[in-house]
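Below, chain A partners chain B and then partners chain C, in two separate complexes.
Let's look at the complex of A and B:
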């Protein structure tokens, strides 16, 4: 499933649109940047409530496909500027972290079934 | 790529908004050189952790990077307070980061362990009151 398909299927709000053709292979949740840095899988959708500029640096360097800010968290202005520079997609959702991640997971499974 | 590519960066101290600039720049350079994505990710993660450590603990420092067809070598030097017990600092979960840093999402005690995990060779030399030098190598698979 691409980032574009995720937006279309879930209604998550685009905050900053980067490479919407990026494939999402998995979903990952963590708010400690030190841990996410080393453990967020490449090509994952990363769900967090840590809306500071460092989340974009971590997401870009860990090579995630997109960052989803849950719980209605709005990333700060610098975050958006940096995401635009890095070409990374930021999304927003009012859902709690678990529910947002579960939704992505369910769509990933559905997409796999469609492909069979 | 034939001749080594050499890059040098100054990491400003106490400025979290700029942390990641050096590792981001190296990541871009490696991608341009056609280095395999796995090695690019390893270098980016290890170097970012090093940058963050310099910002948190050492009031900045200097990073030099040398890229050859075989490997990426990174040397991170700072003139910070030094590490009293390197073995302890290498343990996952051990951190001396202050609360304001933890509030930003750092200070989980994963910096040095992540650097070790994502590099093929790593050496930490440190003297209390003088500074720390971390040397890391990531091999590039052909």
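Let's look at the complex of A and C:
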């Protein structure tokens, strides 16, 4: 499933649009940047509530497909500027972290089924 | 920002006391202290420590030796993750002439392995003073990340970015009503260095008196 498809299927709000053709392979949740930077899988959709500029740096380092800010968190202006520079897609959702991640997971599974 | 232009700007603004608190590093403090010697300026060496909970804590010292001993401790108690300058920027070490003399390989934006529960006594054991940074900010602050003031850490003062939030903070957290607050520029760029607008009453303007006032409290 691409980032573009994720947006279409979930209705998550695009905050900053990077490479929408990137494939999402998995979903990852963590708010501690020091943990996420080492453990977020590449090509994952990372769900967090850490809306500061360092989340974008960590997302770039981990090479995630997109960052989803849950709980209605709005990333700050610096964050958006950096995301545009790094070409990372930022999305927003009012859902709690688990529900948002579950929704992505369910769409990933559904997309796999469709492909069979 | 360089040691030379920080010292020059602080002098231009007629500041009396400044502190250098890079993220998880004191390695530029010596250069700034030397660069400030032509000016009537007190420079406290320090660090903005990122605890394991990703809470920023200001750590200040009265001598460079103490700061550097703590710097070595923090480096040894931080994850062995290397900086990626293309993503996080360069982590340069400069000398007093603003010449680049080295770089820190270890990623300094990272959280250390030091908990906020232990940071107070730890910094004290190195002869310094530690207090929570920008307690009113939504990122990397004691209240944003922990949500409450841990009873285990009775810090002697706290930093607030927006002084207008003080009454509400002190209403919500009794402990904050019993200690001093300080407001610093938290300048990440030269133009953000504060004007001469925050003060502490001292008998004599010396490093020792200022440092003691931070540790033991001061009259506003």
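Keep this in mind: the second predicted complex is superposed on the first by the 116 of 116 C-alpha atoms of A that agree within 3 Å, B and C clash if a C-alpha of one lies under 4 Å from a C-alpha of the other, contacts with A are read in each partner's own complex, and residues count from 1 in each chain.
The working rule: a residue touches a chain if its C-beta (ideal position, glycine included) is under 8 Å from a C-beta of that chain, and two chains touch if they have at least 3 such contacts.
Every value quoted in this text rests on a predicted model; they were computed, and no experiment measured them.
*Asks:* When the two structures are laid over each other on chain A, do chain B and chain C clash or fit?
*Replies:* Once chain A is superposed (C-alpha atoms), there is a clash between chain B and chain C.
*Asks:* Touching A:37 in the superposition: chain B (first), chain C (second), both, neither?
*Replies:* In the superposition, A:37 touches chain B and chain C alike.
*Asks:* Taking the superposition as given, does A:50 touch the first partner, chain B, the second, chain C, both, or neither?
*Replies:* Both partners, chain B and chain C.
*Asks:* Touch check for A:89: first (chain B), second (chain C), both, or neither?
*Replies:* It touches nothing on chain B or chain C.
*Asks:* Quick one: is A:65 in contact with chain B, with chain C, with both, or with neither? Answer first, second, both or neither.
*Replies:* Neither partner.
*Asks:* Using the touch definition from the top, say if A:78 reaches chain B (first), chain C (second), both or neither.
*Replies:* Touch status of A:78: first partner only.
*Asks:* Looking at chain A, does chain B or chain C touch a larger number of its residues?
*Replies:* B
*Asks:* In the superposed arrangement, does A:10 touch chain B (first), chain C (second), both or neither?
*Replies:* Once the two structures are laid over each other on A, A:10 reaches no partner at all.
*Asks:* Clash-wise, after the superposition, say which stretch of chain C runs into chain B: 3-11, 39-47, 75-83 or 147-155.
*Replies:* 75-83
*Asks:* Jot down the residues of chain A that show up as touching in both complexes, chain B in one and chain C in the other.
*Replies:* Overlap of chain B and chain C footprints on chain A: residues 32-34, 37-38, 50, 52, 54, 57, 60-61, 86.
*Asks:* Touching residues of chain A toward chain B in the complex: what are they?
*Replies:* 31-38, 42, 50, 52-55, 57-58, 60-63, 78, 86
*Asks:* How about chain B: which of its residues touch chain A in the complex?
*Replies:* On the chain B side, the touching residues are 16-17, 19-20, 23-24, 27, 37, 40-41, 44-45, 48-49, 52, 104-111, 113-114, 117-118.
*Asks:* Give every residue of chain A touching chain C within the complex, in rising order.
*Replies:* That would be residues 32-34, 37-38, 50-52, 54, 57, 60-61, 86 of chain A.
*Asks:* Of all residues in chain C, which touch chain A in the complex?
*Replies:* 52, 54, 79, 81, 84, 87-88, 109-111, 138-140
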